[in-house]
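First the structure, which I've put down as structure tokens, then a few questions once you've had a look.
Each chain carries a letter (A, B and C) given by its place in the written order, and its residues are counted from 1.
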Amino acid sequence: MNKVENNKAWWLVLPVVLLVAFSAVVPLMTVVNYSVQDIFDVNTAYFVGAEWYREILQDPRLQDSLMRQFIFSFFVLLIEIPLGIAVALMMPTKGRGASLCLILLAIPLLIPLNVVGTIWQVFGRTDIGLFGWALTSIGVDYNYASNPIDAWFTVLLMDVWHWTSLVALLCYSGLRAIPDAYYQAASIDRASGWAIFRYIQLPKLQSVLVIGVLLRFMDSFMIYTEPFVLTGGGPGNSTTFLSQTLTQMAIGQFDVGPAAAFSLIYFLIVLLVSWLFFTTISHLDKAK
Amino acid sequence: MSLSLQNVSRIVDGEYFIDDANIILEPGSFNVLLGRTLAGKTSLMRLMAGLDKPTEGRVLMNGVDVTGVPVQKRNISMVYQQFINYPNWTVFENIASPLRLEKVSELEIKRRVNETAEMLHIEQFLQRRPLELSGGQQQRTAMARALVKDASLILFDEPLVNLDYKLREELRQEIRELLKARNSIAVYATTEPNEALALGGITTLLHEGKVIQSGPSADVYRYPVNVDAAGLFSEPPINLIRGFVSESEVTFDDSVHFPLNHDLRGFKPGDYVCGVRPSHIGLVPQADDDLEIAVRVEVAEISGSETFMHVKNDHFNLVLQLSGVHEYHTDTPIKVYLPTHKLFMFGLDGKMLQAPGRLHRGI
Amino acid sequence: MAEIHLKTLAHSYSAQPNSPADYAIREMDHVWDQGGAYALLGPSGCGKSTLLNIISGLLSPSEGDVLFDGQRVNDLTPAERNIAQVFQFPVIYDSMTVFDNLAFPLRNMKMQESKVQKKVLEIAEILELQDLLQNKAKNLTADEKQKVSMGRGLVRDDVSAILFDEPLTVIDPHLKWKLRRKLKQIHEQFNITMVYVTHDQLEAATFADKIALMYGGQIVQFGTPRELFEKPNHTFVGYFIGSPGMNFIEVSRSDGGVEFDGLTAPLDADLLDFLAQIPSNNLKIGIRPEFVHVSVESITGSYECDVTHIEDLGTYKILTLELAGNVLKARLDEDQQVPNNKAYVSFPKQWLKLYVDEYLVEGDSK
């Protein structure tokens, strides 16, 4: 916008600019630098160009991890978005019940990530965990430490437990923004409950859902702590997602070059999705 | 303090929100900005205030170029459509807020707040919160806050549109009286022609971002400069008919005709657009040379003191504004009478060539 | 089509109402004839929207009954009462086309698609929406959207009444005309009972056959626009109807009439007799600005006053005058002579109204 100029504003922004430069831009540039070099030790480093990128993109370990990550995020969205909407629809709109529900929904979101992992680690154990014990007592053969399917199931369940509230809260606020007149008009038009959902609520939730989908996609795509604490990435590689693979490569194997390249690839994927999101939102806004 | 805009334009995303506006506002004047919604009234006021910077052109205050000066430095007040007050402060605090920013003494603040509150009849609410008050009282609080500052430019952006009809009438009068004694420039935006006439002062017509006419309200009403101006400043809308002028007579839309009279002598033969005010068409002939037209009644809207009749035939759709109550059913055939001495003549390009009372002197 | 009867109806939002002030609607008994066009007119907070919601079924009255054609409908929803309602802002289904919006109520009733087609096209033509039928509803302008909202009420054959809650609020002034005209045409064509809530007296008068003027939860007067204009039975009606409202002067009794500040206004004999029987001292005379007779020279029975302000409103002028400490307004036609400093006003007897305790007193009516 053609706002009136005010040069003083630049001075106020300077400290933040310096801080961001120091803590983000410079390290980023360093990573880019590392990603094109082969580093043996502090003094011995060779320029290798795009070698690491080529190697990584062809590394079956990375490709497997990437595939696992996409599948994970896909299931997360598939379950959490409809579930969040359903929960929001069922919540009371005002009074004490509403406040109580909001508090209950907020609780999972307040728990630190590694504590979440630990809770579910215990919860899923067949000896001392309530969930594990309940399953085995009704005859289900369940062991998340040794069975990959069970491990996946548990990790997904943990994520749903942890983050569905976010989608539910977003949808709840979106629903509250719908004026009563719409419901009144629908009842006058003799619309069924399903028609009300499909023609009034869902369209009005559109912008809120885009935010919800993006947040859940980004967060689930970068997930690290919870699955790491719960399964350690196991059994074997079955629950080793992208961020864990990266850490293993960079820290575990102390191979900074490929790790740097990997992080940049990771960064670019997330950047691509954000850009898609941004254009979708602007497109939606313009169409209005 | 005088304000002038020179060749001011505001372009957003390639679209001209304001197109080459030239306006001069005199000190102590009351200016009405009249136009449809989205005509650019709010954009123009924001440019006057300094909330937005013009893409082209200059803004001058007292002859000094203030185009880049931010609004905080310009001593401006603004009243909005939605009653905007600080919800957590009392009415007293709300009105005092601009004075507090200027670091006026506590004693002086008290005096001026009480004085302004009395002017706006809200002195008994000074200790209440705005949301506890009715719509009219909240808007009065917003106005008090705008007036206590003694700004050189006070802007009103359709301030009464969310209020009751009767309340609007009362507040309109109060606003006029409150501003009479001051030297500030007042600018009031509205979409209703009747409000512009009731407020008086200078009216500026805005149409699609362009200033099409500016002058004393009654003058702009009587002598619109083109068809758009005539359409904007008339409610009900002015009747427009295609007319053909020949050597001896005028023909309306290939149907009725009347002999060329003295007023229209100055016109070369050709096609024109003729305008008649709804209040000038009658059900009985007022003068001997009134033009009689046979029509059917479409609908008669009665408003107590007046009746608005919509009539039509195969050639015309006309609106009449009659005083008193006239009840008619749809499709009743009647005759209406057009005064041939009270016609507006517009060229095909829309420009006004002649208005009743201002004769055209031949091209 | 239904006759709506409000029987000993009252409504309070509090559980234990103690005084009249606790009631949003004070006890009333009122009949709306079938097929009429009615307006509920009044200032903000008078209870008109509450009353509308009670009629439609969106609100259940705390006391009394709502009867449709004699049947008690208090517990029925708007859908069950076959009410259609148009709200202040257009309510449309964003994701559907205009056609689907109009067809929605019919499809919900499982009507045959061929019949739906026919009905939708018929209504679309009346509302002049036939060219927009395939457009997405959310891309329409505000007035087109309101027409769609209205259309949904009109497509149904079984609708008992259509209720409008300040429907022209979001419409541009120069388009309000068209919609008002459209509403009137629809009413003449379909003959459905229509109730229209507004705070704008012009809208009410141009739309309705009869206006119910509300104030403080009560219907203060119910009559044609002409009746409310020429014979307001309460000073509030005189004040609210007409732009500007009625002029009121406080008076006291005197021989042959009433007096104010040494000036007398004569009254008819039967009015004087009536006045003699009432002890009250709250007396006012009222006359509308349209009926105040203004002349530049003194004539018999006229009062001299000062002209304080002249407003030029194009087709007429409003004169503000000062008469013995009272502010009066008078309306002059465009061509009438405008007095300069002094003017002489007189009050024609047939338009001069007497109000005792704020209520109209008439000689031959009780």
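In this text, a contact is a pair of C-beta atoms (placed from the backbone, for glycine too) under 8 Å apart; a residue touches a chain by one contact, two chains touch by 3 or more.
In this text the structure is predicted, and so the values were computed from the model without any measurement.
*Asks:* Which chain has its C-alpha centre farthest away from the C-alpha centre of chain B?
*Replies:* Farthest from chain B by mean C-alpha position: A.
*Asks:* Going by the contact definition up top, give me the pair of chains with the most C-beta pairs touching.
*Replies:* Top-ranked chain pair by contacting C-beta pairs: B-C.
*Asks:* CA centre of chain B versus CA centre of chain C: separation in Å?
*Replies:* 26
*Asks:* Between chain A and chain B, what distance separates the C-alpha centroids? Give it in angstrom.
*Replies:* From the centre of chain A to the centre of chain B is 55 Å.
*Asks:* Within the complex, which stretch of chain A touches chain C?
*Replies:* 179, 181-182, 184-185, 187-192, 195, 199-200, 202-204, 288
*Asks:* Going by the contact rule set out above, which residues of chain B touch chain C in the complex?
*Replies:* Touch list, chain B to chain C: 36-37, 134-135, 163-167, 169, 191-194, 197-198, 200, 217-218, 221-222, 231, 234-237, 277, 279, 298-299, 301-305, 308, 310, 321, 323, 325, 330.
*Asks:* List the residues on chain C that touch chain A in their complex, please.
*Replies:* Against chain A, chain C makes touches at 58, 77-79, 83-85, 87-89, 91, 93-96, 104-105, 108-109, 138, 149, 152-153.
*Asks:* Within their complex, state which residues of chain C touch chain B.
*Replies:* So the residues of chain C in touch with chain B come to 43-45, 172-174, 177, 180-181, 184-185, 188, 199-202, 205-207, 225-226, 228-229, 239-245, 288, 290, 311-315, 331, 333-334.
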